[in-house]
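Alright, structures below, take your time with them.
In the two complexes that follow, chain A is the common piece, with chain B as its partner first and chain C second.
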Partner chain A sequence: MSADVPTYLDGNAAAGALREVFAVDLTAAIGKCTGCGHSAVFAEAHVYVDAPGMVARCPGCDNVLLRVVSTPNDTYLDLRGLTYLRISNTP
Partner chain B sequence: MERTALRRRLTWQVGTVTEVRDETETARTIVLDAPDWPGHLAGQHVDVRLTAPDGYRASRSYSISSAWTGEGVELTVEQVPDGEVSPYLVEVLKVGDPLELRGPVGGWFVWRPEQAGPIQLIGGGSGVVPLMAMLRAHGTAASTTPVRLLYSVRRPASVIYVKDLKELAASEDVDLTFVYTREAPAGEPRVGRIDAALLQAKAFAPADDLTTYVCGPTPFVEAVADLLVTGGHDPARVRTERFGPTGGPR
Partner chain C sequence: MGIISPGFTGRGRSGSDLPPGQYLTQDFPVLSAGPTPHVLPEHWEFTIATESGEMHRWDWAAFQRLPAEEITRDLHCVTRWSKLATDWKGVSLDALFEDVETAADFVMAHSYGGYTTNLPLEDLLDGQAWIAYQYDGEPLAAEHGGPARLLVPHLYLWKSAKWVRGLVLSDTDDLGFWETAGYHEYGDPWKEQRYAGD
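Moving on to the complex of A and B:
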């Protein structure tokens, strides 16, 4: 595979893993990046699924927004790169 | 303290395969009965998990191809060479087999029949799968929302849902354009990728109430989304879903 073929997917690919821990869908939530201040729907984040767990990065600056790792007993959720998540109250 | 029911977390459940349909040489539709299925929106997907005898697990996401009609859920899976999950689903899985799934998930790349404004669907390869669910939901709801599909495929034999698509395209509200990137059928002179001229000719022009859905491999989605935005479409009205070279959105 050539190095310039992007290997990321997008926030939609993380929907299932996140729906295990959140009561609402997060792909339609707006997230603001701590790195560059870019805000966008989480569905547009670049998601890498080949890492141990999933890593979501900002499409603007590549900052790590979120990581989610499941072990047989626990799920680790690391939200280091999000200033906030804005979730609609309308289902 | 008043006791309220805790919302149950979404987790894995076991469905049963009730039907399999070969769509092309490498793509197959799997119909599942899932007892705890709450219904789904067009464009949503499910995660499928396989467990090997030694406990090794692999999961992938697959788009739902059916509109919700009260029972069952259909997935269409394109086989990825050397994939961990798709070869089993396309070649081995049979009617009566159990299959572990988690879903439906996703609330962004969805179309609801009550949503205002025309819809432009642009799919590359098996990226047509969630768009097919939208077209079917459009038909099921007897929606008169204008909808156009641009479907980019390598060659005529790669077209998934060819018969269903032609039936749906008989509706005056549905417009269908095939784009062939490697080999076109007789009488179709154009072979090549979607470009600005093709979008100009076949896709809806930018409009405030238009919603565009683009699904396909990551490079396809990036290229088409860039063309749309350069062509004057509001990025906030272009919804995208990417899948990777190693096996479907996952």
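Moving on to the complex of A and C:
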């Protein structure tokens, strides 16, 4: 394996898709990775959009944090790579 | 003036060759759900694990000694692009399964980088699938799945796992990376099986 030219965007690229599902802006939320335990603002995630769905990966270990697939009838949201999302209650 | 006009290159292929809902592209778009693995051939290994746990292994040298085939097939991506008459070189799955004893019906393909996709075993045999390592006469680029990828061109391209490292045989049709997130378990482009339930 060798170094790679990044093909991802930052977590802000997920804002639109997540706004379709959540009533709050998740890009400012703190997410904890189930893979390595790294906690970071979701905006720091590596987001891959040139794919059949949107995939957000941990900036520390590349574990999949979140996947969003929109079909004509449903939106599939897979959050299993996140131990939690910590969302501030203060505006 | 010659008999054949300079622009004539044979009977063109048009949208009539495409499965429903697809458009034709001349490019070769790169889709990826994660960082591109860069696996050197000397570190590459391909395995087939049977349902009884028996493991068959090929390193790059052993893989290269298997009979290779030239393959020309159309590709159909679930994101709606199709690319016609693509040229590949690879090893037929029939050759790789020659000494594999199994009664399993299903396969999970695993890739370097963690990607998975599920297929019926019968869709990998009888000249329908290959482990491809050349595209257009050149070693397969990492961005397209090199050093070697699964090629199952009669199904949507997400089934042709890039950077493939092994197949695990199973009696059950477990779901892979995209199949667990709403994509169809089989993915026949001619039946437009894009999403679960199509």
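Definition applied: the second predicted complex is superposed on the first by the 87 of 91 C-alpha atoms of A that agree within 3 Å, B and C clash if a C-alpha of one lies under 4 Å from a C-alpha of the other, contacts with A are read in each partner's own complex, and residues count from 1 in each chain.
Assume contacts are C-beta pairs under 8 Å (C-beta built on N, C-alpha and C of every residue); 3 or more make two chains touch, one makes a residue touch a chain.
Everything numeric in this text was worked out from a predicted model, so none of it was measured.
J.: Given the superposition on chain A, are chain B and chain C in a clash or a fit?
T.: They fit: once the shared chain is superposed, the two partners occupy separate space.
J.: Would you check which partner chain A:53 touches, where first means chain B only, second means chain C only, and both and neither mean what they say?
T.: second
J.: So, does A:41 touch the first partner chain B, the second partner chain C, both, or neither?
T.: first
J.: Determine, under the contact definition given at the top, whether A:78 touches first (chain B), second (chain C), both, or neither.
T.: Only chain C is touched by A:78; chain B is not.
J.: Is A:89 touching anything from chain B or chain C once the two structures are fitted on A? First, second, both or neither.
T.: neither
J.: Classify the contacts of A:21 with the two partner chains as first (chain B alone), second (chain C alone), both, or neither.
T.: Once the two structures are laid over each other on A, A:21 reaches chain B alone.
J.: Just to be sure I read the superposition right, which of the two partners does A:69 touch: chain B = first, chain C = second, or both, or neither?
T.: In the superposition, A:69 touches chain C alone.
J.: Taking the C-alpha centre of chain A as the vertex, compute the angle to the C-alpha centres of chain B and chain C, in steps of 10 degrees.
T.: Value: 110 degrees, nearest 10.
J.: Counting only touches as set out at the top, which of chain B and chain C does A:12 meet: first, second, both, neither?
T.: Only chain B is touched by A:12; chain C is not.
J.: Across all Cα pairs of chain B and chain C, what is the smallest distance in the superposition, given in whole Å?
T.: Superposed model gives a least chain B-chain C C-alpha distance of 8 Å.
J.: Please report the chain A residues shared by its interface with chain B and its interface with chain C.
T.: Shared contact residues on chain A (touching chain B in one complex, chain C in the other): 1, 6-8, 50.
J.: Which part of chain A faces chain C closely enough to touch in the complex?
T.: Within the complex, chain A contacts chain C at residues 1-2, 4, 6-8, 46, 48, 50-53, 55, 57, 62, 64, 67, 69, 71-74, 76, 78.
J.: Which residues of chain B touch chain A in their complex?
T.: These residues of chain B touch chain A: 7, 9-11, 45-47, 59, 61, 102-103, 105-109, 218-219, 222, 239-246, 249-250.
J.: Can you name the residues of chain C that touch chain A in the complex?
T.: Spelled out, the residues of chain C in touch with chain A are 29-39, 78-79, 114, 158, 178, 180-183, 194-196.
J.: Under the touch definition given earlier, write down the residues of chain A that touch chain B in their complex.
T.: Against chain B, the touching part of chain A is residues 1, 5-13, 15-17, 19-21, 23-25, 27-28, 41-44, 49-50.
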